[in-house]
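The structure's right below; bear with me while I get my questions together.
We just call them A, B, C and D in the order they show up, numbering each chain from 1.
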Amino acid sequence: MTEMKKLKVVVIGGGSSYTPELVEGLLARHHELPVSQLWLVDIDAGMEKAKVIADLTKRMIAKTGCNIEVFLTTDRKQALMDADFVCSQFRAGRIEARLRDERIALKYRVIGQETNGLGGFSNACRTIPIALEIAKEMEALCPNAWLLNFTNPSGMVTEALTKYSTIKTVGLCNVPVNMERGAAEMLGVPRDEITMQIAGLNHLVWARKVLHNGQERSREVLEQLVAGNDRMTPKNIPPFRWDEGLLKSLDMVPCAYLRYYYQSRDFLDKEFAASSNKSNRADLVAKVEAELLEIYKDPTLDTKPQLLEERGGAYYSEAACELMNSIYNNKRSIMHVNTRNNGAIQGLPDDCAVEVSSLITSSEIIPLNVEPFETGTLRLIQLMKEFETLTVEAAISGDINLAKRALMLNPIVDSGAHIDEALQETIRENLDFMPKFAHALNQ
Amino acid sequence: MTEMKKLKVVVIGGGSSYTPELVEGLLARHHELPVSQLWLVDIDAGMEKAKVIADLTKRMIAKTGCNIEVFLTTDRKQALMDADFVCSQFRAGRIEARLRDERIALKYRVIGQETNGLGGFSNACRTIPIALEIAKEMEALCPNAWLLNFTNPSGMVTEALTKYSTIKTVGLCNVPVNMERGAAEMLGVPRDEITMQIAGLNHLVWARKVLHNGQERSREVLEQLVAGNDRMTPKNIPPFRWDEGLLKSLDMVPCAYLRYYYQSRDFLDKEFAASSNKSNRADLVAKVEAELLEIYKDPTLDTKPQLLEERGGAYYSEAACELMNSIYNNKRSIMHVNTRNNGAIQGLPDDCAVEVSSLITSSEIIPLNVEPFETGTLRLIQLMKEFETLTVEAAISGDINLAKRALMLNPIVDSGAHIDEALQETIRENLDFMPKFAHALNQ
Amino acid sequence: MTEMKKLKVVVIGGGSSYTPELVEGLLARHHELPVSQLWLVDIDAGMEKAKVIADLTKRMIAKTGCNIEVFLTTDRKQALMDADFVCSQFRAGRIEARLRDERIALKYRVIGQETNGLGGFSNACRTIPIALEIAKEMEALCPNAWLLNFTNPSGMVTEALTKYSTIKTVGLCNVPVNMERGAAEMLGVPRDEITMQIAGLNHLVWARKVLHNGQERSREVLEQLVAGNDRMTPKNIPPFRWDEGLLKSLDMVPCAYLRYYYQSRDFLDKEFAASSNKSNRADLVAKVEAELLEIYKDPTLDTKPQLLEERGGAYYSEAACELMNSIYNNKRSIMHVNTRNNGAIQGLPDDCAVEVSSLITSSEIIPLNVEPFETGTLRLIQLMKEFETLTVEAAISGDINLAKRALMLNPIVDSGAHIDEALQETIRENLDFMPKFAHALNQ
Amino acid sequence: MTEMKKLKVVVIGGGSSYTPELVEGLLARHHELPVSQLWLVDIDAGMEKAKVIADLTKRMIAKTGCNIEVFLTTDRKQALMDADFVCSQFRAGRIEARLRDERIALKYRVIGQETNGLGGFSNACRTIPIALEIAKEMEALCPNAWLLNFTNPSGMVTEALTKYSTIKTVGLCNVPVNMERGAAEMLGVPRDEITMQIAGLNHLVWARKVLHNGQERSREVLEQLVAGNDRMTPKNIPPFRWDEGLLKSLDMVPCAYLRYYYQSRDFLDKEFAASSNKSNRADLVAKVEAELLEIYKDPTLDTKPQLLEERGGAYYSEAACELMNSIYNNKRSIMHVNTRNNGAIQGLPDDCAVEVSSLITSSEIIPLNVEPFETGTLRLIQLMKEFETLTVEAAISGDINLAKRALMLNPIVDSGAHIDEALQETIRENLDFMPKFAHALNQ
């Protein structure tokens, strides 16, 4: 890339309601990130909604006077040709698949969340084959492009891409930036005076340090969490009071998703309660989605509407734009991303994906070194990483025994005969997305 | 020890119904293991039963004409003075405590087994302080004696002793020898033609190899397990059919207790069912105990009665006698014991206790090197070892947060607010044995 | 520190001819690094020279109109009181000790260089006790100050300080920055477009990547080294043509000092030749020093003279000023420093000192993660680190057997009886600085 | 193998003067190790000598009345067909090659010993391709046979075989058994009351424990070594007084070859002195060989002559026979052998060869677990293992840069331009055995 280069940005799953946020971020950086083409790719079934999104996008661009052409297409290969950045934010099977995952999980009394329990497993098995297909197309059509993955389960998808493709890939999640925002609020200081040192896995991450202008203030943040003043939990996780003794024994700030591990049964009970109230997360998301779409249709709307921040994914796109910027301009900024471990977290394989604060350069992502975790926490990380790695292998191979071993290790899914049944039902209901598992279906 | 040395053997918990088996073993080896004194130590509350046991013991010895004096006492220090071997087989809180553990565990819907779930935790917290007290007395009264620990949870007790005492300690369990016996039956070959290579943790152990006269036959054993021809499961574990796919993906023979991890919910369901039938394991044990005692009282009985083998602990004492013999005569035989890891199992700390096939010498226990476990299995071992290590620390310190973190990591205990309640109830009901936790009781 | 804080900077060994460079750097940053006091500390024997330096310093400051007071003293404690930054650049035993080290080393036919061979050992044993004494004073007088160590052997001194003091310490060396400058020249690009990823130990360091505006160009740099166009070797190392096959097999750029390891005998031969010509490095340094001093005395001189760059230490002070600036202003810039490993380089202990590209924050130094070294290189690093660690322990304890084992491991010092003799002579000739070894002197 | 099986034993290099010792060992075990055929394989150039050996062998067998047929052949494939045990004791290039190695090494002033310095490197490059050729023939002709390797350099040859062949291989060396014999003499106790725990690499091995009837007596052995009462050093190493401080700091008993590392220059000086006296080791060996051959020719001789023990290799064959016996009869005895590491020595790769006390079974060799070495010693082991591994790779690939890096790491070979010259000369003089290096010869 030379400075003159006009950039082509492709969004897989471009019909997502997150796209306006992404566009907002691109416009804000247009002076240093010279995007000239924005390609929104989606599938036939999503075109109606995607059209609404694309139109809003065009209005937003027109308003600023920036010179960015917007293309909406179902032809992924055409879009990928000579791309510079590819943002992956599709959802395999759309919101219906997520609803189905949650329903099956609850039927067998296990956690169905879309990234970590039985739902995460199911989502990974649907999504990873598609993600690898995209990466293969990129190897042919835009081998030097960067792939920015927001598609969930982001940690497993990134690991699959890192291991089985030559495309430069970074996984993104909004959890770390939301933690920084939350900590700033809790400490009553400006957002840009807070930096965190983040380490762990996607949705299983800790702030090892909370630094206010370089001074460590984790202790205060932990105390506020204990006191119930939690500004870090994203909208898509049920709110809980943290356990005081647990937090005191940790000496670092856990992300909200860690309560799935620290308070597993309580979460399951909440999911049951929500389910009987028709208020489970996936239902809620579907409802917000519908409302958003109505708003987006308004032909006078030419900015990102506020309601978007009600989604758990707020600030995802902000992070994605900053990442493109840092790569393109070799800014060597520190961001929190999913990338190849390479020894950053001791006790995990070099080739697995971890979520760590990293130096972003135009040639590579370099994690900051992570001080060794105390063993009690390391064991949890190692276990979930093994679940993730086995799930990735199962998703690619269709090996049902690997799938069972993955779920057996998962600490928020209890083992037993019900897992066989849940697996059968999951495969049967997702067969279009998991053809490799077809052989494992009981007759 | 010189060859002339007459040996003094001490049994802590000597009133146990296992003692006759131990005596049988000592008598069978008397020509090379010159025991001259056998001290049975028990507490006041156990004296009535202990008296019955001691009398049977004397009759057994008298029958053979061996010259072994038997002493029954509540004065542990007197017994330990100048001892050569100390066998620890006491149960802190007796059978009542185990019944209580199982009841509390079921109340909170978690596994209550005496070695690995909430029951294992509770048992460890009761037992470890006493075990260390005994070791401290030994450091003063018989510093060169060996401590052979059969007291459950044997892995955690051995780890505590190895870390916090200078006494040479070996932990024993009958699971590995029962696996060898079972494999011999399943292969239809003589018991002494089978050797296994054992590795893992106590009650979390695999036969990495099943060798018949040196030829590997694991595959056949696994196939028989799949076919339901399981001769390895001890009497104290509910019988189950193993999952075929799981066994095929393992490539080594798991011990029966591993089904607590591989089929966790199924076990919990069984425990519930048994509980409502008044047929939980602890009740059953109490019943067998009572029957045994009646038999032992018969003044004409001068051999070990067959019924003893109905207990899960069969062949424990056989292993103990062989171990004493191998140490005393520097036989350098290979036995399966709990000992300091020292790198035998890669991925675990050097100073933790593991259960591995080891060379028994008169100066030390040397594990056979263990081929690296595949990661999926290693993660389970590492996790449970961390549970064990945290439990040991909690048992010694009375730190309630350590206790919670231990239970949170335990893969067969789900986390959540119910754990706090279960911990409170456990401490309250065991306060005599866990005074260090008193400060943590809610008012 | 608040922004209003006026900073007190202390220079131990302030009479060094490097001080003017340091002052130049402080003046250039005065707008953001508000130094108000500069204390130069030296010993009585160095006062005549130190006076010359201090006077030049004052003239340099006066010329710029900055408001910095300069103090020259032999009272180290007075200087350290309430200091913010302490720069350590003293030489224990002055240039005479270095001359002596080189003479003794050559007498026994081993490398005598001041940081890595017998000379490095001797220098460490003289220097470490003094460095720790300073750190202890700092713990009492300015516990929150940062200690910036340039004193050689910088790696071992930093390790001693990191392990045995609570003072925040960073070790500095000019080798990495000289490599960056050299690479820029060799590639014909501006200095500030080059960044390197540095990893290894002090004077045993490699550029894992040479990035020109983020694009990797190591290969070209290696080719130029092979072609003899070496702009990286500092003035204090004899020039050599690199071995082509070796460089090709490395795939990263070695620092010039690595030729001590890769071409050990050739270096020794050079040292012999130089010695017979009276042109060994220490002699040369003494000559340049004398010339510099004459120049410094010129009362009209009020800038740093050019000749200073003839010294091997050029750009040391530049690095030191930038480091202070980055710490004070929490700039989070990436610099190449000696710091606690903490897992950054896999295969070395967490608590040893390594030289790595690191994020400099106002609260701590965070290494960038280092991709695993290939084993052939790792073994050399591990070996020299063990030499360093044993030397640190020997320097502190006076244990002669540790000293021997350290030297036995050092790959550029061959083992044998001559080492005993060399050790005896080294201790005898340095007894004032190594009193703890007195007991080991043969009668 | 069933007990009825008559065994076929093949000796590669059967014309060696060690063969009579091997035969003596086979005869002594004939009641449990039913050898029916003994095939001696040698090359044309060695046939004259081999004929003498074969005739002596036949006389020895005839004397005992055992029914073992002896075959002498140059047709290796015929010999290997359906073999049960293959003993490899050939010397590539015969004694002349060793003389040449020593001469070249001394010319360039480096250690030329046949297993560890430049001589070891040269020997490995000659020998490994032949060893692998034999293994490939075995894979076709006798895939279930065991390969017992005594061919030097035994560690590197075993590593090559273990990594690049599927044949079950064990490497043997007489150093450990000689250490046990020596310790027994030094302690004045019967040989069979001493057992050692051996760990390290071939010719770089330590007795971690010296046990007399199970009681640790290392301290006494070390004291005798210090006092000069060394009965452990084999005949082929020049005698030296050990350094007292070094031994005290070790806390384990080093093998005699370790003085090459601990007292490198002294050894080199001895080699020079011996060379000028025409008394270097290779010359001496040639002389003893000639004398032995004259004795063997005596048609009345029908036992192994005493002079054989003057060779450094004494007790090699004893160990080989015991090893065959233990494998054949699944004796599960503990022997000291070279085998795949598999984690036995922490800090070395799983797939490298180490020399460790191991359990010998009929299906595999299982190392006893080795307590972690203190880092100072581990670093030396790691370094030499890396030399060995790189040498194996160089020997197989003919990669001259790997060869240089191997030698550069070797702590008893100093680096520099002389190594290039020595390598050139080595390749040129051994070109028949190292054709893969031909491309690297300067014109």
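Keep this in mind: a contact is a pair of C-beta atoms (placed from the backbone, for glycine too) under 8 Å apart; a residue touches a chain by one contact, two chains touch by 3 or more.
Heads up on the chains, UniProt names are A, B, C, D = 6-phospho-beta-glucosidase.
Every value quoted in this text rests on a predicted model; they were computed, and no experiment measured them.
Trainee: What chains, if any, are shared contacts of chain B (6-phospho-beta-glucosidase) and chain D (6-phospho-beta-glucosidase)?
Mentor: Touches both chain B (6-phospho-beta-glucosidase) and chain D (6-phospho-beta-glucosidase): nothing.
Trainee: Return the distance between the CA-based centres of chain A (6-phospho-beta-glucosidase) and chain C (6-phospho-beta-glucosidase), expressed in whole Å.
Mentor: 45
Trainee: Which integer distance in Å separates the CA centroid of chain B (6-phospho-beta-glucosidase) from that of chain C (6-phospho-beta-glucosidase)?
Mentor: Each chain reduced to its C-alpha mean, chain B (6-phospho-beta-glucosidase) and chain C (6-phospho-beta-glucosidase) end up 58 Å apart.
Trainee: For chain C (6-phospho-beta-glucosidase), what residues touch not just one other chain but two or more?
Mentor: Residues of chain C (6-phospho-beta-glucosidase) never touch two or more of the other chains.
Trainee: Is the chain-to-chain touch network here best called a line, a ring, a star, complete, or other?
Mentor: Drawn as a graph, the chains make one closed cycle, so a ring.
Trainee: Chain pairs in touch?
Mentor: In this structure, the chains touch in these pairs: A-B, A-C, B-D, C-D.
Trainee: Along chain C (6-phospho-beta-glucosidase), where are the residues that touch chain D (6-phospho-beta-glucosidase) in the complex?
Mentor: Checking each residue of chain C (6-phospho-beta-glucosidase) against chain D (6-phospho-beta-glucosidase) gives 243, 245-246, 248-249, 261-269, 349, 375-376, 379-380, 382-383, 386, 389-390, 400-402, 404-405, 408-409, 411-412, 414-418, 420.
Trainee: For the complex, give me every residue of chain B (6-phospho-beta-glucosidase) touching chain D (6-phospho-beta-glucosidase).
Mentor: Touching chain D (6-phospho-beta-glucosidase): residues 195, 197, 209, 211, 213-216, 330, 332, 334, 342-344, 346, 350, 359, 361-364, 366-372 of chain B (6-phospho-beta-glucosidase).
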